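What follows is a group of structures, each given as structure tokens.
In what comes next, chain A is part of two complexes: it sits with chain B in the first one and with chain C in the second one.
What follows is the complex of A and B.
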């Protein structure tokens, strides 16, 4: 168990440790630091859009840099490292192994993240998280753009190394008495998402190199002036990043599978359907990438194929929602903070999915594509589903990581404010999109509906901002001065947990 | 595994699949109709560049930032770009098509009422993307 605050040990010992709970702690702290950094940028964006005209950000270039770094940070430096943290704490224990399969590789995968984060933040590129060519080749100012490319390259390698480690740990290092059908769903989620990473990431890794050589002027893969085609980049990018959406969401669903049965005091409704839905989602996730590209001039047939591929993913996601609701049905539910985050996350997951069906339907996509609808839609996933599941998991892990309880009231206030804020920001952005406001704009004309919707969204964002300040205060204070937790059953729901403190950390005696 | 019958889940999944089939079929039918360009549509060449739109009518007239069309006629836009990606958008008429350098994309529409509508760029194209706007002016037929 990582009780550094109770039995202090030198920071360097944690930093150079390869033990999975230490690496998990490093991932945890890094990802939370980037959550707050990236969230601050979100507040700046919302403050700027409160009214037409320049508000707090002086110029469009700064604004463009801010939303680019905001997206890159929260996806690659918060969501993914946070999932790795949970995986590091739980996967070895769930498969009953002493550590990750390759402990040094594990530490190396973590230590690639801080330099990548530094490259992205010190560069502060402006070409959106999609690095849109040919803009990114002929117009985007360097060295920011080049630093972003190198940063993403490093993060891609880190993801692949982490994925290899999870796959080998789960498949090869699980206890010999344990069949693959007994591996808990949280570990299954890491197996599925890691397999997706191995298949998906290399495509984008290649695209990044091509983008770099294009910028250097020695090639013209995506540069029409040199005979290239920007649409090729779109295919390479989305072949990686549509499946990547499932890489982000599947571990969060896995975390909910860990939390919801415990607080419902019932076993999961159907383990088999959970596994089936993970595997199905990992496969059909690869059949939908070009639904991001309907408006690039694709033929009717191509659009139809990708619409069908996209709609095929809906039943798999729906199975998870059913499984959660059926597990809670007739359960003696205890609404502690982690459970509240998960239930809120399911509600928002359902809303996000419903909006996604509208995007997938070809004619409707031409109304919503590249408007604020899309911003609202994917934020319901990344904030409403993934961050909600992750924050629920953080509260759930908190007593095991620190040995102390967080403040329950502050945790519930954090949830209530974040939930209200998320609905205010992202449901409103759907409507704003239907009014036609494009995304990625520094300023907008004074159309009354646009102003009203933007103001509601900004108020919602500020509510989330305040709730996150409460969260930060809660975890900092409670980890040092909180009530000592009953680590056998910190939430008083009975039953047996997975205990990260049973991991044999050689640095503890 | 859990030892109980799983029929409620199968019914639920059946309903979801049926809904998706219905959405897909409706979308397929609607898109098929929308993409059928009328034979008598007039061609307008739309050029996107950082950060304004130019329009060239069939008779050679050119306009910058403003586009004049007539009620009751069908128009086919041939959309090109001179520099980076843009996206030509008349939101009120659900006209949306990317302007991509090296490609010609087409989309058509037929204005139904006299009036003005906003034209905007919906794909990030750099510094002044937010203000790459224009006006569509729909006029009564001249003859």
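What follows is the complex of A and C.
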């Protein structure tokens, strides 16, 4: 494991290393940097919507740019790289292999992320993370839009390379004595999400090329003026990005599977149901993409098929929740910071799922379509479940990465404020959606209910912002001056951990 | 645990029945828009009632078990796995 702060070595040695813990560290630092950048944009959005009329952002175009880069950053440059960081640290150790299957490919996959992030941030496109056609083709200003397209293209290639590496590492490099049925659930989560990436990403890769050639005027796939169809883009986009939701959430659930048994001081209640639920989610993720498109004039039969396909994810998700609840049952639970984040994450996962059932039911979808309900639902998943699981995992990994312990009190304050803030922002946005407020708007009419709920959401966002500042201070201070951790049992819960520091890093000899 | 599973099976059925109703609340026929809206909102409230009941049971269970099985609870006792390399 990388204990850089105890045994410093030149930065370039880490940057050009192909060892999985070094690449994991690079992923970790990069993803955290983008978390704070993307989060700052979220605060700007919420501050703007505190009251009707222009507040701190001058015009609608700038507002659109900010929320486009906010979404793109937090999904592609925080959540996915953070999961890759955890996978790099843990998967080779869990399958008892010396490194990832293809170490150089692993490093290349990481090094695609900074230039892609630079393209997205330097361009600052304005057409939403969906790259809405025909606007994105006809009038979205370049070179911002083109830079976004190239950035996403690079990130897609990086994801595919990473996915190949995880699949081969888990399936082909695991210890011969280890059957696939003994692979820990965290590694299973990476296997499932990597398989989804391999199947889903090529579709969007094709769509991006078509979008680019449409913008160049040499084709008209999605341009109605040239006989094209923007709805075709919607199909291609959602065929990739509905499964992508599971690519985001499955590793976070895998992280919870690592933390919850550890702090409950007993094994997971049902390993098999965890594996089954991962596999089931991977499959049904592909049967539900068009539930994003009920309002596009699909037939009754099509809508029914996709509604049933979407609801099929409910049992699989519920299996995870009940598995966690049953694992904690009769345990002796230590509520250290990572455990608190996971328990909070489960509660919000359940709430987000309940909202999702309403979205999936097609008649109800018409009442919530393109309203703030959708924003609240999606963010409850990405913030309430995925970010909660990820941040819990970060606290769990912290002693192994730095050799020091974070400040427990600050960690718990971070959790409490984030939990309250998340509920305030995203539960309120559900209600705001039922009141009819459309999403992706720069301004809104001065309806008293809308103003009140926007203000509650903004206050919640500020609470999250303050909690993230505490988090940043905690990790920076504790990395250098925190108490030295007992890396054999940093949380004092006993049992045998996976010890990332046992991975031999040749640079540490 | 069987009672636990049984309870959630019942709640799952309560969730599925209104969802099936919802499928048939939608339609492509013109001229029934207002009626459909009434039906849909009615179903929405029913679905939300079930969702809140299920949510209360699950959340309540989680809150109770977090309180009961915390390590500082007077009745907390070591699990059979403590002291082993499980």
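One rule holds in what follows: the second predicted complex is superposed on the first by the 509 of 509 C-alpha atoms of A that agree within 3 Å, B and C clash if a C-alpha of one lies under 4 Å from a C-alpha of the other, contacts with A are read in each partner's own complex, and residues count from 1 in each chain.
Throughout what follows, a residue touches a chain if its C-beta (ideal position, glycine included) is under 8 Å from a C-beta of that chain, and two chains touch if they have at least 3 such contacts.
All of these numbers come straight from a predicted model, not from anything done at the bench.
Considered on the superposed chain A, chain B and chain C are sterically incompatible, since they clash. Touch criterion met: A:443 reaches chain B, while chain C stays clear of it.
In the overlay built on the shared chain, the residue A:419 is in contact with neither chain B nor chain C.
Residue contacts after overlaying the shared chain place A:335 against chain C, while chain B stays out of touching range. With both structures placed on the common chain, the touch criterion links A:78 to neither chain B nor chain C. In the superposed model, A:363 lies in contact with both chain B and chain C.
In the superposed model, A:494 lies in contact with chain C only, and not with chain B.
Shared-chain residue A:181: touches chain B; no touch with chain C.
Of the two partner chains, chain B and chain C are each touched by A:322. Counted by residues of chain A touched, the larger count belongs to B, out of chain B and chain C. By the touch criterion defined above, A:60 lies against chain B but remains apart from chain C after alignment on the C-alpha atoms of chain A.
Within the three-chain overlay, chain B meets chain C in a clash at only one of the listed stretches 26-34, 80-88, 98-106 or 134-142, and that stretch is 26-34. Under the contact criterion defined above, the residues of chain A that touch both chain B in one complex and chain C in the other are 267, 300, 303-304, 307, 311, 314-315, 318, 322, 326, 357, 361-364, 366-367. Per the touch definition, chain B reaches chain A in the complex via residues 1-2, 6, 8-9, 12-13, 16-17, 20, 23-24, 26-28, 30-32, 34-35, 50, 83-85, 87, 89, 91-92, 94, 96-98, 100-103, 105-106, 118, 120-131, 133. Of all residues in chain A, only 60-61, 64, 127-128, 130, 132-135, 138-140, 181, 224-225, 228-231, 267-273, 295-297, 300, 303-304, 307-308, 311-312, 314-315, 318-319, 322-323, 326, 357, 360-364, 366-367, 369-371, 435-436, 438-445 touch chain B in the complex they form. Within the complex, the chain C residues that touch chain A are 1, 4, 8, 12, 15, 19, 22-23, 25-28, 36, 39-41, 43-44, 47-48, 51, 54-55, 58-59, 61-62, 65-66, 69-71, 76-86. By the touch criterion stated above, chain A contacts chain C in their complex at residues 264-267, 299-300, 303-304, 307, 311, 314-315, 318, 321-322, 325-326, 328-335, 343, 346-347, 350-351, 354, 357-358, 361-364, 366-367, 494-496.
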